[in-house]
Amino acid sequence: MDWELLLAIFPQVVMDGLVLGFMYALIALGYTMVYGVLELINFAHSEIFMVGGFVGVEILLTMQATGWLDTFNPFVILIFIILMGMAVSGVLAVVVERVAYRPLRGAPRLIPLISAIGVSFFLQDLVRLGESLWRNAFYLTYPSFAAFNTRIEIAETIDFSVKSVIVVVASLAMLFALQFLVTRTKLGKAIRAVAEDQPTASLMGVNVNRIISLTFLIGGAMGGAAGVLFGVQYNTINPFTGFIPGIKAFTAAVLGGIGNIPGAMVGGLVLGLLEAFAASYLSLLTGGAFGAEYKDIFAFSILIVILIFRPRGLLGEVVRERT
Amino acid sequence: MTLLEARGVVKRFGGLTAVNGVDFSLDEGRIASVIGPNGAGKTTLFNTFTGIYAPDAGDVRVGGRSIVGLTPDRITTLGVARTFQNIRLFKNMTVVENVLVGMHARVALRLWDVVGHTPAFRREEGRSVRQALDLIGLVGLSGKEDALARNLPYGDQRRLEIARALAVGPKLLLLDEPTAGMTQGEARELMAFLRRLISEFGLTILLIEHNMRVVMEISDRVTVLDHGEKIAEGPPAQVQRDARVIEAYLGRGRAGAAAP
Amino acid sequence: MTDVPSPSGPTTGAVDVAPGLQRWRSHPVLLNVLVAAALFGSAILVWVVPRSIIAFMAFQASLLVIYLLPLDVRTKLAWAAVALGVLMPMLGTHNGYYMEVAIQVGIFVALALGLNIVVGLAGLLDLGYVAFYAVGAYLWAIFGSPQAAKFLPIEGVFPLPAPWFFAFLILGLAVGAITGILLGLPVLRLRGDYLAIVTLGFGEVVRVLANNLDKPWNITNGPKGITPISRPPLFFEPALSALGIDAPPSVLYPLLFYFMVLGIAAVVIVINRRLEGSHVGRAWEAIREDEVAAQAMGVPLVRMKLLAFAIGASFAGVMGVIFSAKQLFISPESFTFLESIGVLAMVILGGMGSIPGAIIGASAVTILNLQVLKGLSLWLNELRNSGLTVLGYNLADLPSQFEPAKYERMIFGMILILMMIYRPAGIFPARRRKLETYHRGEEPAA
Amino acid sequence: MISRRSLFILTLALAVAAVPATGQLGAQGKGTIKIATQTPLSGELAALGEGMKLATQLAIEQLKGPVEKAGFKVELVPFDDQAKPDVGVANAKNILADKDILVVVGHLNSGVALPASEVYKEANLAMVSPANTSPLITDRGLPNVSRVCGRDDVQGAVAAQFAKENLKAKSVYIVHNKNQYGQGIAEFFQEWSKKNGVNVVGFEGSEERANFDPILTPIKAKNPDVIFFGGEYPQAAPLFRQAREKGIKSKFMGPDGVDSSELLKLGGDAVVGMHYTTVAGGVKEYPKAKAFADSFKKKFNKDPEPFAAQSYDSTAIALKAIEAAIKDAGGKMPTRDAVTKAVRKVKHSGITSAVEFDDKGDPKKATYLIYQVAKKWDDRKMVKRLEIAAPQKKM
């Protein structure tokens, strides 16, 4: 066993895990908010995230074709594409809710869930079809910016790229902004009221439909931002990109306590770190007997264990069941 | 003989104590009622009796046997059946099917009997169906056997729920607001029916009721809960005069119902 | 298609139908002539133009006609026996592709019926159903090929001799059921939507394991898959030769698989019917309708859910064993999430909880995938090569990624959404049993 | 109501059935010999599969002369295997049902070819593969399966040797994509690297398509001379790109799965200068293929993709075998059996190489090439070309 190597990569693995974890946290927000309000696993959220990634790459590729990419400051461009990704994904999430979930409100819980799976599958192929017709390819690459790829060296074995820092900072900023929105504003209060008790909130004069749409808008926007950041960080996107991160992010949401914003962050980080360690270390520790692929098995096992032993998650509260 | 006995039952939800140290006992062949303002913990107490909630402290015994920690279906097989405050029928199943589900625990068949359609299956299935039809007749739903539960009028749904509960073959029947939404006449009819159940089938009945007239008329004993605690207990006439009971009802009358 | 209930018997003739039409509808001779015409007509068409997909689809449609016409159950069964037991094998021998389609339809019918118990009756959304199929397939693949020798220190035993296949059918059933229980035990206490995600995860775990268990011990041979897998013995060959029929194995194997699949599918249908019409089926439906109430009525939740899981999984296990023997080669690619969703789409299209629904849903989706979409793709391909120009657009410029056959996800997705919004009960909704069909035990039985 | 519903369903069935009604009817008749292709015509790999099909079409048009003289019409029947084993098997049954099909040219994916060829074997129908590089294809010893291309075990050996001798690699790190092809070739590369005394510092498989961080972190720490990726370009490109972004300075290598202009599009500067091995060079490298490339371009208005030239050769071999079998049958329609036997006897001086089969169906000498990626895809440079016999013992 090469302990020196294990130790040497430790900081780097932590950094990898944090970046991944924040990504999961951002996606998890969409699941957590929708679940909090509608008790629905928005299965299509992983595709909302993926669409955000495609919005980013389309804008960048268009700018590249017109030569604008070099004329603007990369950070300005980044903020612009994040905002655009948020806008498109947010609106898409609202549309999905209107078309595929709202008509099913009040139906048994399985019904909207199945519809959500349908939306997820539909969107995957829709994007694939669109990109096939538009670019004759559906594996797309983010143009890279030298400024983002610059590496900051801390020690001989520890360095990280500027874009990793961007992902962490942007995610933190959005998480705090959202937490503020939900806990400190009137809108947030309305969202919490709808989550707690829809009929009562409605009696108190809250427009429940509007609040649900807003929840989807906010959750979708966070997913869209995550999609753009994902593309910038890993510079590749395809229509099926969303599926696995989506499930992982849902796991993160459950891990942290679904319906709980700080919980999404904690769950995302725990899962991201666990996964990074599993993928980087398993093969080294077992002499290649078990490889990086077992990281997914890790993630799902955690999901099962958490659901069985602590179904309310790490930060979740005990809630009274509605009988 | 005491059929149902509870000692020091406590049930908490997070910071809220829904039932706080309630003692309760009910003798065989009697009708008792639990009353109290909304949110007093009546349904929660019911749920600890039927195993939907396990009490955080205290003990519940049915026929001398502790049921704490048993699953609701096990408790049902001990002879406890219930109805629900907000009618919980199997809406997309027919009337006869609803009643047949109630007999589930009494069907002694192996999987092979079902798949192989053995004589035992025919015998058991035939017996179940006959009994179900009898029960449907008893509650006055004859002729509606094939109707879907969700298509029944409200009153029929209440009757069906009782038939379904009777199908369990209970010694103790717990009814959660059985007259809710009924006219006074219908309520009276129902009470007569309950009396008949006691005399003909030797049942013991526990009610949660809001309809005071019904409660006072039918109950042998009345228990009053408020804020999860028992504030009074005794024969109807005595409870009616209890100062704390009057305060609990009138004092809250204006403030309206407190969630949850 | 055994004792499926008649959708509308002659007795229920609607009042609003013109009397003449009504007489026609209930006229048994006319109806039987109609069935015979449809069935034999389309069969002859297939025989004459064996490569025409339309002819074969006409034959498939004539099967649907048998189901839909108001004939009594026995007549329907007789016709189905003629169509599936005689005509289909003949056509399938004439064109092996149709036999392949028929076998795949049969496999998916059994899978859909298994999932129907779990999702349709018990209301447990299982998104990893194909995992049980994979378990059955790998079971026979490992022991019915030299693969087992790679991790078991026994020489010269593997592959097991072909007759072992039949033992493995039973074993596949058992192992499927056990896997179902092992998965179910920890997760069935979860609420419905969590269960969906966990089963999805389980499905992925099984696939990832199959893909990775080539080390440290080579159990599954990883992504390279397992081949060659033994086929069951052609036990009826001597009997056929005695009758003077000499057919090559390339004809006999499909026939064997076809009749095996047909037989198992028939058994699965009967089991489904009987479970549905018993206290077990009623308990499942009660759980689906209202868990709390069901439990309060004495239905043991976890046990009944486990039973549903185990029975559903066991059907998939058996079919997995057949699949691997038929395919001769299996690899983890055949057991993806897409497959699970495909089976789910079959159940939902047909109608959750409806046995005829599951059968027709499975047939429709399989035929759509194997015949219709592929036909469309080939057609598009020809269009592209023709270099035609439509409205100024040269068809040769159609991107090659645009291929109907590759848009399964979109089609499954649309099926799921549209059905949930407009017809959540499916095309052939589950029908409630009428009181008159119950055993009342008035006459002493047996 | 029953009548309305059945009417609706019948209408639906008819409407659906009416669509794919092209060229399915008829097509039978005396004296027609058909050659089928089974390649992915849809999906990610459609460009390659389409090229294979078109090259076969071209070969039939140009080379059918002798067979037509013998009095037979020659037709192409293309099938789409979607790169899926299940679909390939179903198509294979369909092919068997058409008795006029005497040879199959295909497949692209070994994972499809393996089960499908078992079906062809049932009727002893010849399959000539232009592209399947898995050793198992021929090592199973099926009498009906032959290929004109090289093998992954040799390709892995060639790549390993190139890494050692030309790239002067002392240590290699191997990553693969966990599919049949990728893991297979990665294992051969590993095996030969070890045999060559090169230090294999890591061997990792992952289906991951985006986030390669956890795989790259140990690589960076181990700093190997060469990173070999067993798999296809959609994963190779982001992997190499992220490696460069992480500051990994190793040289990159890949197998023929990365041989696509998309590699450069997706990978950008990171893949410029990397090497890959292949069994199907661009037509530039084959002097005889110039004419093929020109007529291909002229007819189909696009450049032939990799494996197109090999498909042309496979078809040429198929036609020669059919011709020989017709002669043996005294000018009558030959049996599939006869054609299958004839295939193995064909000696063909093709556009990609001179093909002569050994008794397993491998070419006695196959071509392996090594390319280096340049700034423009068309400028990629062939740096090595080898003719190697298939290993005779099972590996």
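Labels A, B, C and D are assigned to the chains in the order they are written; within every chain, residues are numbered from 1.
Throughout what follows, a contact is a pair of C-beta atoms (placed from the backbone, for glycine too) under 8 Å apart; a residue touches a chain by one contact, two chains touch by 3 or more.
In this text the structure is predicted, and so the values were computed from the model without any measurement.
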What's the fewest number of moves from chain B to chain D, given that each move must go to a chain touching the current one? 2
Name the most central chain, where centre means the mean of Cα atoms. C
By Cα centroid distance, the chain farthest from chain D is B
Pair exhibiting more inter-chain C-beta contacts, A-D or C-D: C-D
Determine the centre-to-centre distance between chain A and chain D, using the mean Cα coordinates as centres, and give it in whole Å. 38
How many angstrom lie between the centres of chain A and chain B, each centre taken as the mean Cα position? 46
Chain C-chain D separation of Cα centroids, rounded to whole Å: 33
On a C-alpha centroid basis, what's the spacing between chain A and chain C, in Å? 36
Within chain A, the set of residues that touch 2 or more other chains is 137, 288, 291, 293, 323
Which residue numbers or ranges of chain D touch two or more of the other chains? 178, 205, 207
Residues of chain C that touch at least two other chains are 211-212, 292, 401
Interface with chain A, chain C side, in the complex: residues 119, 123, 125, 127, 186-187, 189-190, 192-194, 196-198, 200-202, 204-205, 208-209, 211-212, 215-216, 292, 337, 341, 344, 348, 399, 401-402, 407-410, 412-418, 420-421, 424
Which of the residues in chain D come into contact with chain A in the complex? 178, 202-215, 217-218, 220-222, 234, 237-238, 241-242, 245-247, 262, 265-268
In the complex, chain A residues that touch chain C: 39-41, 99-100, 103-104, 107-115, 117-126, 128-129, 132-133, 136-138, 243, 247, 250-251, 254, 286, 288-291, 293-294, 296-297, 299-301, 303-304, 307-308, 311, 323
Would you mind writing out the residues of chain C in touch with chain B in their complex? 271, 274-275, 278-280, 282-283, 285-286, 289-290, 292-302, 307, 432-435, 438-442, 445-446
Could you please specify the touching residues of chain D with respect to chain C in the complex? 1-3, 5-6, 9-10, 13-14, 16-28, 41-44, 46-47, 50, 78, 80, 82, 84-87, 89-91, 93-94, 96-98, 111, 114-115, 118, 122-123, 136, 140, 178-180, 182-184, 205, 207, 301
